[in-house]
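Pasting the structures here.
Next come two complexes built around chain A: one with chain B, the other with chain C.
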Partner chain A sequence: MSVGQVLLIADAVIGLSCASSVAVIAIAKFGRDRGGARSSALLAPYRHALIAMASGEDEEGQARGVLFAVSAPTWDRLRPSVVAFLPKVRGAPADDLGELLRSHGEIEAAKRMLISRSAVRRARAAYLLGLVRDPDSAALVLPLLGDPDEDVRLVAARALGAIGEPSAARGVLHALRTQHGQIGLPAWVAAEALLSMGVQIAPALQIGLASEDPAVRNVCAVVAGLGTFASVAPQLRILLATDSEGDVRASAAVALGRVGGAEDVVALARHTDASETAVLRRTCATALGDLGQRESLDTLVGLLGDGDCRLAALAADSLVRIGSEGIARLQEAAAATRPGPSARAALGALDLAGLRGQLGVSGGGA
Partner chain B sequence: MTWADLLEGSRHVITAIMDLVATPVLIYFLVINTSLLVLIGLAAWEFLRHNRRTGYAGREETLASRLGQGVSVVVPAYNEEAVIVTSVQAMLSLRYPRHEVIVVDDGSTDAMFAQLRAAFDLVPVQREVPSDLTTRGTIIDVHVPRGGRTRLVVVRKENSGRSDAINVGINAAAEPLVMFVDADSILDPDALIVVTKPFADDPTRVVATGGVIRAANGCKVVDGRIVEVNLAKPWIVRIQVVEYLRAFLLGRTGWSRFGALILISGAFGMFRRDVLVGIGGLDPDSIGEDFELVMRIHRHMIDNHRDYRVQFVAEPVSWTEVPVTATVLRSQRKRWHRGLWETLWKYRRMLFNPRYGKVGLVAIPYYWVFELIAPLVELVGLVLVAAGFALGVVNVPYALLFMAVAYGYAILVTLVAIAIDELAFHKYTRWRDLGAILLVSVLENVGYRQATAWWRMEGWWSSLVGKKAVWGTMTRQGFDDGSSPVTAVTSMSSDERAKSSDE
Partner chain C sequence: MTEPVKTRILVADDDRDILDLVVFKLTQAGYEVVGVADGSAALAAIEADPPRLAILDVMMPGLSGIDVLRKVRANEATKDLDVILLTARSRDSDVDAGFATGASDYVIKPFSPRELLHRVNALLARGNG
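Showing the complex of A and B:
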């Protein structure tokens, strides 16, 4: 093939491709502009009724009557707007919207679609069932936590969290595991789902805290703290002391600050030692403030003079949060005859506490 | 030797060189444009996934999620009196449950601090800034708003440059995530929500994320927010809009999808604070400090056998002014290319090193071959073609084929990028803006591309001959409430090393 022929072919391919790209851009823009206007026009007659129902202001049931009676073709266009409203409302309006969806056969259709071959349809179905918080759907959605499609797993976890199905906790933790270097579920989705399932997930948390996967241990530690699962405190202590991942140890420290007691002061104080990482030392100093135990006072006062001035500042802040005894110790440190790092940290914390009005009438500040 | 002999000799030399390099140059441009197309394809795949998720991934819920980590927004600022108050107000009002704004006043000589003090009722506090990172500029004092509740910290220090100012900001940061934002950048209201999402998704492994930067010139700005996206009139700006789209949005999304993102813009990046401290923060002596930082993160994490991720998120946008004059653009491109060269050279041991996986075997070689050397190949090709025409030895079909592969294919790549942006984000709503962008995809190949290639070579050369690195003089426009940028001018000197309005 000669250079001329190659040139001809190259020009033709590039020219046609360029023309196609321009056409795609123009069609996309034209379609969007026109589609948006047409959709607005079609929805206009029902917008008022939909807003009335979603805001709970349909006291006479007029909007309900209008929306329940729409024809199937109109409903197809209306449905996305109804679904879009659902995550934004609670209580009676949410129930009304759920009933509207049910009356148009959406819930039954969604249950059927959970086994669709299309991942997008499975995800949409699980999403809808989660939105309407249909408890009967939990058993149907549960298998989707093992779905090969990551989006479907994500939506399933969110749906089960919204439904509040505690038996799904182990499934969520199983889905969270890292597979082929990728997270099985976004950690925050798993954590929020677990937190929505209530106290009955404690046994699952205990298993998760012993998982080989640090992502699972970390989420369980975070959930234990946020959900105040005091029953898993012994495992949190073990994680704080021995876990191989710094992030997990830090999460365990935060959780202990929330669910622990006076017996955890020693462990947390031990991990403020200079031999630990800066992140863990600082986390433990904050956790001691969260615990709010007077047994922490000596440790925290000792940290005021630490070479890590962020640690010193956090310790001072923890002393403020412990209350009057902590503030008194800070004032003692601030009044030292020879001003040093301890006095500076104490003065800084008292300064801020004064600005925030945390010192009370007697609080002197700097 | 007669003139005719000289001419004949030149013809032989040019013909010999062209015979030697013709095919390799064609293949080079074929591969470079194809690789861009592949990256754009990866980005398109990512956008498809992203858009598919948008409906049910619960982005809004991340706001309420208790797993969201706190963010310290570090704003290095030097003589930014024109924009600082609006900028800080806009950053404080970003939608996010837990964030603080740390302004590091890098020894400003204008009324910037006075304006901040008046606007936020700042009072000095005895707050000691940790020295986790070694810094150069001496800290003068620290101020916070009188109420103590507004999460603003202003650290005043002696002038020591942008990178050192950021390092001071990292030291002062109280939250686990740190974001660097230039004072004249405008963030979308949801920027923090989305750029932190990878950290909430995978908190034990994600160490850095970067967001998209788009050109703010021409956009309507009200109270530090972009309220209307318009295309600026100067063609030099329009061309940069397309460049940013192709290289930053689609290119980096593609690299992120591939799992080998090695460059996060210094104007809009978020990092784990402990990782930044672990690697020593930004290198104040590097002229390509953002690139150098991410390369150092990769090396550190891999050398320490850490499982980690560096991700690019396509949706949140930071809007920034791009240069409006050729002089400023030249300075910017020289600096970028110099930074590229110096960083690649510094980390040359990672090149083709299997220890560094995709980063060492694909991304770094790509940057060497298709980013660093590209302007050299392009200029050599152009010189040869021009000399060939002048001496009458050029093979016309070959020259046309070269134009088709080097320029025609490049236009196609740009058009595909524009099409994907329009399908996924459709930021430019006016037909005339879209038309101008399409026109630019052709026009950038006539003059602009060659000029930037030359400037990039200048930057590379100045490093090779050991010229002192300078940041140049930046004349930029500020933003004001209204439909167009105002013409207030802020300038900086090379010694001051203030930031310029690039990435």
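Showing the complex of A and C:
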């Protein structure tokens, strides 16, 4: 056989392979489209009932009757649509959809699947239990915070947040720690979950603020501020003054700005001192504005001329947020006979305040 | 006897479930509702025949709800249209940006269909008052 013949046969084989690949793809696509169309056609009679239930327009219970009575094979096709609707609505329609899932045995099945060998199934089960906010599931989902699969741990934390069971707070905080080679939960996932659990997590926060792990202390401080947990203010003061981690001190300062009072002005002002890190100084200047106490005025005016322009701008913004007295002090600084950094920071803040509509007519011309 | 003219509302959302749900809810409440699945179609529908109120999803392919709102406010013929932004973006800065662009109201997903209807009713009542 000549070289030319070999090449010809090789070309033919390659051509045939390509053609058959294209044919396989086309057949698969056709089959999928046809299957999808058939599934849509089968579900069409139930779509209207599902929308009626999800929109809360089923006062006479007709949709409920239809959906609760579907056969098992139809339910298998309908279930993804029900699950897809659940995270989109809240209130009574969400409760009704959850009840529909329960009536078809989905909640019990999900509880069983939490111990599946498949990580995907464990995650799906936790996700579903979070969606229906079944409080009885919290204790079952909790162990998944120690799951070997990182994604399962994430889904479990979010599910516990969605369920909103405060007794799970300590478990979420524990899962923040990196241990046994497992990376801890991302801080923001833990914080969101904790915030969803409501005011009853205050005791868990108090314990967390005293944790040896800085990641736990930091998240607790963040949550204390965002959730306005005023009861933990004494611990936040201790963290701001003594914590070994800059992040924790900054988070404590932010939280004190939200939950503290006049007694915190001195501590926050002290941490705007030039000996502190830039991050902490800026955070404390902002927190003084959040506190809104007139006792902060002198400190903030003193920062207007700081070499750290960002700090000066934040101090000026805090003065605006304190109100008329802060704005008056800014106007004094802006009108200084010798324009310098203070005047520039003051003018910038006054311009911004004017744009935001925070100034009265008299202040607008500063 | 002629039927009373229904108040017309435009709903734009690329999520088919939410679009169908909102259209159904408002239709049941007695409104005439037009549903579209993207921002360009929403803008075209508003400019062709301005409704009394528009409900816009923020994150849509092509023109976002914010883009549509900006163009609506810049157009003399539609600048006073009541617009509700319906979105999963729940941060304060997102809400501020929505109102700064000129939204009449801002509803965060997941949402209560009943609450959305109350807000629609309230906006339209304010416009009529």
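We adopt the following convention: the second predicted complex is superposed on the first by the 313 of 366 C-alpha atoms of A that agree within 3 Å, B and C clash if a C-alpha of one lies under 4 Å from a C-alpha of the other, contacts with A are read in each partner's own complex, and residues count from 1 in each chain.
Note that a residue touches a chain if its C-beta (ideal position, glycine included) is under 8 Å from a C-beta of that chain, and two chains touch if they have at least 3 such contacts.
The structure presented is a predicted model; accordingly, all values stated were derived computationally and were not measured.
By the touch criterion stated above, A:75 is placed in contact with neither chain B nor chain C.
In the superposition on chain A, contact of A:229 is made with neither chain B nor chain C.
Contacts of A:52 after superposition on the shared chain: chain C is touched, whereas chain B is not. Within the superposed three-chain arrangement, the count of touched residues of chain A is higher for B, of the candidates chain B and chain C. In the superposition on chain A, A:308 makes contact with chain B only, not with chain C. Once the two complexes are laid over each other on the shared chain, residue contacts for A:87 go to chain B and to chain C alike.
By the touch criterion defined above, A:189 lies against chain B but remains apart from chain C after alignment on the C-alpha atoms of chain A.
On chain A, the surface patch touched by chain B in one complex and by chain C in the other comprises residues 87. Residues 2-4, 6-7, 10-11, 14-15, 17-18, 21-22, 24-25, 28-29, 32, 87, 120, 123-124, 127, 151, 154-155, 158, 181, 183, 186-189, 191-192, 195, 214-215, 218, 222, 226, 245, 247-248, 277-279, 308-310, 312-313, 341, 344-345, 347-348, 351-352, 354-357, 366 of chain A touch chain B in their complex. Considering their complex, residues 49, 52-53, 55-58, 60-62, 65-68, 123, 125-132, 144, 146-149, 174, 197, 200-205, 274, 277, 307, 395, 397-398, 400-401, 404-405, 408-409, 411-412, 415-416, 418-419, 422-423, 426, 431, 434, 438 of chain B touch chain A.
Taken in their complex, chain A has these residues touching chain C: 47, 51-52, 54-57, 81, 84-85, 87-94.
Residues 15, 17-18, 20-22, 24-25, 28, 109-115 of chain C are the ones that touch chain A when the two sit in their complex.
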